[in-house]
Amino acid sequence: MFAISREPLDPLPLVDAVRCDESGAVALFYGVVRNENQGRNVRYLEYDAYPEMAIKKMREVADEVRAQFPVTGVGVLHRIGRLEIGETSLLVAVSSAHRAAAFDACHHAVDRIKQIVPIWKKEVWDDGEEWIEGHVPEVWPGG
Amino acid sequence: MTNVSVRLYAGLQDLVGSRDIRMELPAGATIEQLRERLGREYPVVEALLPSLVCAVGEEYVPPEHVLADGDHVSLIPPVSGGR
Amino acid sequence: MFAISREPLDPLPLVDAVRCDESGAVALFYGVVRNENQGRNVRYLEYDAYPEMAIKKMREVADEVRAQFPVTGVGVLHRIGRLEIGETSLLVAVSSAHRAAAFDACHHAVDRIKQIVPIWKKEVWDDGEEWIEGHVPEVWPGG
Amino acid sequence: MTNVSVRLYAGLQDLVGSRDIRMELPAGATIEQLRERLGREYPVVEALLPSLVCAVGEEYVPPEHVLADGDHVSLIPPVSGGR
């Protein structure tokens, strides 16, 4: 399950989708909107995305994770639009037979999502706003 | 001629004031030529160009990538990152 | 939120309980019943616990995690009784400002829970059953 | 005399066939003495004793811990572990 949505994210179908009868552990990561960043009060966030490519890149991250870790399932949901403090922007679920692989693979997936998936966030403070510049995706010669 | 549509996201869209722009480039034009043209036609974008990467067909493409007529090019600013 | 329950575990109130406005990440771990262990087909599991002490030890694990990692909340739920394949036996939720601490602290919490919390599981196979012997809790001189 | 109740869990309960047993020990008896008595009175438990720890008042206690009259002692087999 890989999706970009303007609606609140529901973790339960995602966990169901990644779990199978060989899974003994599921690591579920929530990225949530917090009230502060680098000393500034955050009022809310606004997320933009290139949805079709974002989903394609989420699937690539999942393929990478499946190649590197003994996992039994991977899924990613990302919300876009305006998000208030405490709302969930990102859900990443990874299942595995054992917990160490579930944790490591889920952490790796989140790191990679934030490096290559075309999603952007704007912080809106009391006294201004800014689109946050994160990671420049690597581009391989030849596409 | 190579006619392409260029999609802008996040801060780029705010700067240019539009989600999509159309550009007409010479036949055989590359991403690099598209970037140069963008810098000239939209000076507000010029400072951001070094950190932008381009995507065509939902894939990142290098500067030497040759554009085809009708391509949809996305200008990808640094993605959200965060800790 | 720390609890032992005979009913199916609900992750949503647990995540709400550990998240606060300073939280940017929540790591949620599910321990789930899988269909195989050490080459044997598992039909179902039966969990027993010393509930009052289990909750006390869960709180100790949470205190240890709060002392070692910059977290903003910790919660643990464990189910007991008969659990079928795919059902959730354990939920551990940890929130933090940033994801690395949430992942590391949650993983550590799960490891420690399995070392010191008095909960036991019996595997029931097609051809027999066995109470699994895990970790002998350390006992400090003087109690 | 020191009267204590002893609670059994998991495989111990199955072996002994009871969740709780009562034991009468001399005044000043320790956990170690309780364990020895258990091994004598319930031979099925003897092989498991080396891996059991005891808890009183929801806390693990060492062998030299002195029992008080009315204590509730829990016999804790190795906990669930797992990967």
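In order of appearance the chains are A, B, C and D, and numbering begins at 1 in each one.
Convention: contacts are C-beta pairs under 8 Å (C-beta built on N, C-alpha and C of every residue); 3 or more make two chains touch, one makes a residue touch a chain.
Being a predicted model, the structure only gives us computed values, none of them experimental.
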**Selected pair, greater C-beta contact count between B-C and A-B** = A-B
**Computed distance of Cα centres, chain D from chain B, in Å** = 73
**Fill in**
Distance between the CA centroids of chain A and chain C (whole Å) is 24
**Prompt:** Quick one: chain B and chain C, Cα centre-to-centre, how many Å?
**Reply:** 49
**Prompt:** Of all the residues in chain B, which ones touch at least 2 other chains?
**Reply:** 82
**Set of chain A residues in contact with two or more other chains** = 24, 31, 99-100
**Prompt:** If each chain is a dot and touching chains are joined, what shape do you get: line, ring, star, complete or other?
**Reply:** other
**Asked** What chain pairs are in touch here?
**Response** A-B, A-C, A-D, B-C, C-D
**Request:** Write out the stretch or stretches of chain D touching chain C in their complex.
**Result:** 7, 9-11, 13-14, 51, 53, 55, 58-62, 64-65, 74, 76-82
**Item:** chain B - residues contacting chain C, complex
**Value:** 82-83
**Complete:** In their shared complex, chain A is touched by residues of chain C numbered 11-12, 15, 19, 21-36, 85-86, 95, 97, 99-100, 102-103, 106-107, 110
**Request:** Quick one: which bits of chain C touch chain B in the complex? Just the residue numbers, please.
**Result:** 24, 98-100
**Item:** In the complex with chain D, residue positions of chain C that touch it
**Value:** 31, 47-50, 52-53, 56, 114-122, 130-143
